[in-house]
């Protein structure tokens, strides 16, 4: 199985994003990939007793890369969807989020209902792209390769809103020079439980990952990582309001 | 009054002195053959006469009028002086007939029908009226050169310049072009002709001049020139060529 | 190879519609860009053939710069970077329109124009100098010689490289997917991310590009054989 | 204008995270294009010569290869090699290598055409003269035709190298951190100076490509002197 | 036994019948000059002899052996039959010496030193051993053509074919090439030579043949040929050319 492959090669190859603050991005000071997803991967690698090797993925490359085995795990803000279950397997939900809108504070947009006839930016191959089309069929959806590009389009006035998971929106908002000018609005358009993506038909590997996640949660290690990125002192404060599914 | 009078002309390419104090007079109806080794300035010399090259010193008169005067339109001048090149230079995208009629229609504003009639007459004169609708590429070299002659004649020039009109031709085709030129000479056209065809020179030239290194070295009637050349360089040249 | 093909997913229903609309957008953006590139390229080429120093300098820098930088970066530049170059009200107006499409058209046509300008210049230069001499010697003016002798010949020489430029343009239009223009490649990726049927989606779109290209290049060969006959020295 | 962002990140644009991480940025772009042109030369040489063959079973594969590749956008080819080749090969390639393979296969087709055109452009007399003195077809190719043809092709090769250098930017789509992606990453992190960042890398590409283009023009002029005539 | 015996050969380009039942015998040491109008098939005729062109009917024997037999290696055949072209066709990327030594080294597997010695001897014979290290582009046309002759001789051929060796040369250079060819003829080389240089034909040819439209129309000694041509077409041709 995959675990043997990983041990043989001495490294766990994880696909993470390189421009989604704070899940995975390039730290300016060190030029290294860092983020919440990166730390989760590091914990799994540690459990396996191997090195961690990171690869950059985007929303549209992460599934093919898992299928083709270019990465062992995709930890890339990926929502667990049934359609995706057809081609890859998912771990337990390791992060819970929901889709919202990021708009300019004074835009007057409160929810998806206000988006009729307007342009909304998001990224290719994401669940947000599909969800917004369902929630507001009259909106024009602009899809980019990366979230920051979508946010840039919003900033430049090419779109009136960016829609995706609220944590990502939070990351975008707080990376702006004046975060106060932007607001995250609306109800959850959809729930977004994140799972780690792995290749199909390898239950040993999946069990191992799930067990690692459980252990992380139980030992309090998970909360530490969570607080590092989303705690009160971080730039992206988001209270931990959900429970990981734990096995007895 | 001479048809063409060339007074002490000088030309430089950068530092290189191509024409050195060249003077010459050509009367109406005269045929002048110019010969000389490669690079001696023959082409440059005749190209000055229709101002394809500009001179830096001296003067050229056409029927007594300076061709460098301010009021001379160079395009008008060139309609008076026809020119035939070594490489034919037909327009490959136009038919033979169109090659001949282009200038009369566009420059002389001749009606198309009339221009074509004239062209057919000229093509007949050089013996290729049956090729009028072909394209240049479909003709032999000799035929192409005859079209080029007809094209130059279509502007009814007073003088014709020929720059080695036969040297790009296969031996069998040289005569057909020379014959067309001989006819022209006999009809009284004023002609300046750079050529090494000594048979042609003997038969129709009134005078032959020999150029070397930008100067006219020797000049005379064909008999004098071939029988009794005076100058060493001329003798050496004639020995090579005959 | 443990992969089962499912062409139906791609070649029916909504996904087929996507492919068709993608082909439409590809052809549309290519056609619009081609027209602009031809006009712009000709203008630049003519500027470069004049004797006016500033015009020569401008057109030379234009062609050199845009030929020697990647189209993808040019696309990003026009789409994301134009923001700080243009006044706000122009931008607002532009953004109201289909700005992705516009930025794609600008990038594609400027890039292609720089190549077209060079082709035109090369075409005119390839006409032997003595063609100009021969026509001037018959009394045609410079403009007449250009109009009746040089340009008609240059045009025939230029047409085949123009067609390859048009083909390059068609292929290059795929880069516009990066700024969200819903052309063929974009649609193929969208189908992939919805159905995970990448193999089928990419095969279909590859074949579409290939068909268009092959049809056009066969026409070039045909043209070459048929019409280039009369131009030869 | 926020040129300080460009200045702060300039080393990252030049060589990525190296030496603390993998090599990237401009250095990787250059490596990709050097590797690409080297590989493409051999493939192109083979394809070009095969296409000149009179035997259909040699000629046909190269005609198919060249025509298909030249009819498809490079972007498609990159996707094919990255996402779809593993399905066919049952084996995966890292992204930089897979992009490199796409570049080699893509540029090889164009070089094949250059080689073919270069050989055809030599006067027929060269082959005839060498055959007439008893050389075999292969010997004539090896000692007479190719040495001349390849030398005449150098300017075209350099032009192809310039195209390839520009095309390496497409490796961006599969996450290779070459110059374009490095710039996108910097832009995504800061989001306040897109014009400055993209202009900077435009200039960086320009400098490299322009120097090469100028070189190729010089070579072309120099070469014109030594070509066989007639 | 004749050196070359050509028996009733026929060749077509598609529908076009270029050579029609051409027969000819050339003895060891004989010099045969072939002339005729453009397109008459002269080049095609001599190119068949070293199989640069294939014939469709008839047979060619070299020293009594058919050159079309299955066991004939065409590369070996060509080492026996040297050829000199109108356009010289020197290898521009190789020096003069390398041009001459390439085939001996690669085909005859001669050691380099020996090949160079041979080459220098041949270059001396054609009068240009002092140019051995130059490149073709640095030589005049006449010098280039003499290198081409030396190159062909380097394979020690039994027969030499010349296809209009002087027609691409400027008039001043023709003689230096013709002199080299005359020397060769006097040394007893068997030669077939397409040329319009009638001076050469008069001086060294044993026989002259005249071709037209793919047939040998007339044949004879130079005296017979120039003094007393029988055929109308020959007369017309000679009138053009002399």
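So that you can tell them apart, the chains are marked A, B, C, D and E in the order they are listed, and the count of residues begins at 1 in each.
Basically, a residue touches a chain if its C-beta (ideal position, glycine included) is under 8 Å from a C-beta of that chain, and two chains touch if they have at least 3 such contacts.
Chain identities (UniProt): B, E = Amino acid ABC transporter ATP-binding protein; C = Amino acid ABC transporter membrane protein 1, PAAT family; D = Glutamate/aspartate import permease protein GltK.
Note that this is a predicted model, so its numbers are computed, not measured.
Trainee: Starting at chain C, what is the smallest number of hops through touching chains needed to reach chain E?
Mentor: Minimum step count, chain C to chain E: 2.
Trainee: Quickly list, by label, the chains bordering both chain B and chain C.
Mentor: Both chain B and chain C are touched by no common chain, going by the contact rule given at the top.
Trainee: Rotation angle, chain B onto chain E: superpose the C-alpha atoms of these two copies and give the value as a multiple of 5 degrees.
Mentor: C-alpha superposition angle, chain B on chain E: 170 degrees.
Trainee: Higher C-beta contact count, A-C or A-D?
Mentor: A-D
Trainee: Using CA atom averages as chain centres, what separation in Å is found between chain B and chain D?
Mentor: 53
Trainee: Please report how many Å separate the Cα centroid of chain C from that of chain D, as a whole number.
Mentor: Taking the mean C-alpha position of each chain, the two centres sit 20 Å apart.
Trainee: I'd like the Å distance between the centres of chain A and chain E, where a centre is the mean of that chain's Cα atoms.
Mentor: Computed value for the inter-centroid distance: 81 Å.
Trainee: Using mean CA coordinates as chain centres, what's the gap between chain D and chain E in Å?
Mentor: 46
Trainee: Of all the residues in chain C, which ones touch at least 2 other chains?
Mentor: 80, 83, 178, 189, 192, 198
Trainee: Find every residue in chain D that makes contact with two or more other chains and list them.
Mentor: Within chain D, the residues that touch at least two other chains are 83, 87, 173, 184, 187, 194.
Trainee: Could you list each pair of chains that touch, in label order?
Mentor: Per the contact definition above, the touching pairs are A-C, A-D, B-C, B-E, C-D, D-E.
Trainee: Given the complex with chain E, which residues does chain D contribute to the contact?
Mentor: Contacts found on chain D: 123, 125-126, 128-136, 139, 143-144, 147-148, 151, 225-230.
Trainee: In the complex formed with chain C, which residues of chain D make contact?
Mentor: Touch list, chain D to chain C: 1, 67-68, 70-76, 79-80, 83-84, 87-88, 90, 162, 166-170, 172-173, 180, 183-184, 187, 194-199, 201-202, 205-206, 209-210, 213.
Trainee: What residues on chain D touch chain A, complex-wise?
Mentor: Within the complex, chain D touches chain A at residues 8-9, 12, 16-17, 20-21, 82-83, 86-87, 92-95, 173-175, 177, 181, 184-185, 187-189, 191-192, 194.
Trainee: Under the touch definition given earlier, write down the residues of chain B that touch chain C in their complex.
Mentor: Result: residues 50, 52, 75-76, 78-79, 82-83, 85, 87, 89-93, 102-103, 106-107, 135, 137, 148, 151-152, 154-155 of chain B touch chain C.
Trainee: Can you tell me which positions in chain C touch chain B when the two form their complex?
Mentor: Result: residues 128, 130-131, 133-141, 144, 148-149, 152-153, 156, 229-233 of chain C touch chain B.
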